[in-house]
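The first chain written gets the first letter, and so on, giving A, B and C; residue counts start at 1 in each chain.
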Amino acid sequence: MTTVALQPAARSHGTPAQRIRRWLGHNALFVYTFAAIVYLMLPIAVMILFSFNRPAGKSNFAWREFSFDAWLNPFAPLGLSDAVMASLRIAFISTIVATILGTLIGLGLTRYVFRGRAATNLIIFLPMATPEIVLGASLLTLFVSIGMARNELTILIAHIMFNISYVVVTIRARLAGFDRRLEEAAMDLGATEMVTFWKVTFPLIFPGILAAAMLAFSLSIDDFVITNFTAGSTVTLPMYIYGATRIGVPVQVNVIGTIIFGTAVGAVLLSTLLQRRDRAA
Amino acid sequence: MTALLRRYQFIVPYLLLTPGLIWLAIFYIYPSIQMFISSFWSGSLEHGFTFSLANVHNYTDSLSRYQEQIVRSVFFAAAATVATFLISFPLAYTIAFRAGQYKNLLLFLVIAPFFTSFLLRVISWRTILGDDGLLLGPLKSAGLVSDDVRILATPVAVISGIAYNFLPFMTLPIYVSLEKIDKRLLEAGQDLYATPWSAFRKITLPLALPGIFAGTLLTFIPAMGDYVNAELLGQTPATKMIGNVVQSRFLVNNDYPTAAALSFILMAGILVAVAVYARLLGTEELMSSAS
Amino acid sequence: MSEQHPSLFDRALTRRRMLQGTALAGVAAFLAACGTAAQSVAPSVAPSEAPSGAPSSGPSEALSPSPAASATPNPSPAAELNFANWPLYIDQDSSNPPKSPTLEGFTKKYGTKVNYRETINANEDFFGTIRPALEAGQDTGWDLVVLTDWMAAKIIGLGWTETIDTANTPAFAANESDNLRNQPWDPDNNKRAPWQSGMTGLGFDSKVVGSQTSMAALWTADPRWKGKVWLLNEMRDTIGLTLLKLGKDPATATNADCDAAIAEIKKALDGGIVRSFLGNDYKEGLIKGDLVLGTAWSGDIIQAQLEKATLKFVIPSDGGMIWTDNMLIPKGAAHKYTAELMIDYVYDPTIAAQIAAYVQYVSPVKGSKEAIAKNADKSVAALAQNPLMFPDAATLAKTHIFKALSADEDKYFNDQFSTLQGN
């Protein structure tokens, strides 16, 4: 894909400045990409770096000295572990439910033509277009009017609600390229619809479902505005962090952030590795 | 059971849709309607609110009172979208056409910031962009920049904060579109004596449009309603966006009618923009290229 | 997602199955672990008998705290107490993970697990989250919350607090500072219990701006601090201090006074002197150096001096503001009796000294000064002499309180102030 042919010739003549310019011209895109990736990674690098900091007081914004303290006591600050556990619980459960509901909708929308399809599209799309603060405020009003106490359950409901849309969109994107002929082939070979679904369709769309689930999980674990309104007395990790920004984010928050980042990276790397071995074998 | 389903084939899609749609109906549509009703209230928390259709003036009042913030939100969101596009497009192009075996690695690196908390990213930027932080500190020490220059608490900080957060949203759809382009079309263009630039302009760019539109929408819409960036990076009255106003109206002043009216104005604006795009592309295309 | 060649099907299916299975197994295992590790706090409806036994080991949240409890007049401490407070407003020891000696002591004494959440960052924001429940007459989920005077007055005025049974709080009745008793908005002194008091004045980095004594500095376009000044986003503090600068008394502020103050602040804002309206986050800016001068809260500056010794707090020559944060029991709280026990507990002078030594605000408990002075640690004992923590009459004379606004005035003032902030 790259135009390789020209390079050997260019090396042989021109002043250093000219050669650099020529090199840049050919590789401008790569230089740019490198710079862009650095830009993307910068805040993450800062976050990870500062998790090894030992600030003089409560604010963690200036580098003072390298220390493992925060890593050895990641749940030191009051309430941090509760917040993390709450966030994880909510994320797991809302992901599972939203993925199921969303996948069903996604399947329905892509494989069938029916009346009300446009309306359904709209209903799915609207929550994504609604500002989070509106979603949060309206949900809070709902819970109060039906007499439901605000706690983890209400946060869960809210997260499932907004996750459904994202799951549907992701699934649809993946389903778009799905070749129905494979199913027809299976059925021609005598498989019933159930068997076809579980042995042909599902495995093929599973990566899409997984991608949607990962998206839902990360959206849920990171949500702040909507959670803030529907939380009642529960505190999730983003709420904890936001509160901490007023006073000084403890170093342990960076540690938790790094751990989450590392876990996500690890999971993706693992699955890629498995896929690669799978393909190579 | 499958026999039954086969007979009433037409039910199947509805069965699939129902659970999710019920959830959305109860927890999105109904509350939204309630909010809409509350935008026609007048009164206060202490004296109580009363509903009246005559209160449609809540909308006009809000529009005129918060003109500045509304315009500013549009401007910031648009600027951030443009900035994101300018940064993302070459990146997506490189990944789609030039990356070879590093494609997946690069895609992964693009999404990686997503794996950290949004708040932590903004906080990191706050650290980096501080008056004597990682960016300005060395510049000021070297004398390249005068001492009273600051980035935080200016529109630049907010726009770049928003732009940064939406980079993956813009890059991925564009990448998907670019990747789908049949390379043979480009070869055909070359065979017909097109220069690389005109091949880009006439073949690549138009075919990338669905992705560009999707990315633009995925960036512009949430950016309009953003308030965390404006609050943590903006910090100053001159950078307040409509999201901040809604939050303040709702929580600080308990002015629910105005907050609700503003929310619906914001949504209406967004829906208009989306409708325009949908006209141009069709919602199906939109949804399928957004990923 | 490209199509798979049929011959790879089997392998793809097996591999995916395995991934799928492992993932599901992993999730199941995680959830199971979560469930067993979690102390399933019995959602007792009525306050239960005081269970003996260790304070909880696995800190986790029950899925739904006990719903609106029927107020059984059963005087025994509940299994748990939900306590919301501002950040860094209670003592914290240096163990790993750190615990609050005060809360630990309470748990040891009564066996109650205290769900202490530092979730209050602004009065209005927090009120916004509990208002709907209060309006509907429901349990907010909190048994004890800490809110500033004016917000406490507002909530009390709306009838959304429980009355504190003074029979259960003898220490509070005995040890509350005299000057805090019987406020006009709590005449019988049984709707709230002060948590800490504090003063609002000038906070600055003396190394950059030198020594400042007057609010007028905030209107001077001195290059040392132009563009690095902040004002508090608490309406009563900022407008109060501005009124004092204009020579007016915040305790009798009228709408016209409000307009005058707003116009005055606008001058500083338009002149590019004032950079932001901030809450607690000014502290970080001060330490970072992005901010060098502004209106601040006394305890914050004292705590911040540990990180930056050149920070100073002064009460402006024109006068400063004084305020109190109060413990309230929201109406419908599930564990009212236990909340009263907590109120009483922190009014013990020794406990109060313990808290004050850490948060470094003004303790409302009589006898806390003496208790601190007796502390074995010299640096802690020295705090007893700190006029910002134990203000003498002279210091107090320089402070003012803000008028208790009527609902309409409150709306007016807040609207004007919001507009000023661009909200």
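Going forward, a residue touches a chain if its C-beta (ideal position, glycine included) is under 8 Å from a C-beta of that chain, and two chains touch if they have at least 3 such contacts.
Keep in mind the model is a prediction, meaning the values are calculated, not measured.
By C-beta contact pairs, the most connected chain pair is A-B. The chain with its C-alpha centre at the largest distance from the centre of chain B is C. Note: centroid distance chain A to chain B, computed from Cα atoms, is 15 Å.
Work out the mean CA point of chain A and of chain C, and you get 33 Å between them.
For chain C, the set of residues touching two or more other chains reads 288. Residues of chain A found to touch two or more other chains are 61, 141, 145, 174, 242, 245.
Contact of a single residue of chain B with at least two other chains is seen at positions 130, 133, 250. Considering their complex, residues 44-47, 68-69, 130-133, 148, 150, 152-153, 235-240, 244-245, 248-254 of chain B touch chain C. Interface residues of chain A, counted against chain B in their complex, comprise 1-2, 29-30, 32-33, 36-37, 39-44, 46-47, 50, 61, 100-102, 104-105, 107-109, 111-112, 114, 118, 120-135, 137-139, 141-142, 145, 157-158, 160-161, 164, 168-170, 172-174, 176, 192-194, 218, 221-222, 224-225, 237-238, 241-242, 245, 249, 253-254, 257, 260-261, 264-265, 268, 272.
Interface of chain A with chain C (complex): residues 55-59, 61-62, 72-73, 75-79, 81-82, 85-86, 88-89, 92, 96, 140-141, 143-145, 147, 149-153, 174, 177-179, 182, 185, 199, 203-204, 206-208, 210, 228-229, 231-235, 239, 242-248, 271, 274-275, 278, 281.
By the touch criterion stated above, chain C contacts chain B in their complex at residues 124-125, 127-128, 131, 158, 223, 226-228, 269, 275-278, 288-290, 407, 411, 414-415, 418, 420-423.
Those residues of chain C that touch chain A in the complex are listed here as 1-4, 6, 11-13, 15-17, 19-20, 23, 27, 30-31, 34, 59-61, 63-65, 67-68, 82, 84, 87-88, 92, 96-100, 115-119, 121, 129, 132-133, 135-136, 138-142, 279-281, 283-284, 287-288, 303-304, 306-307.
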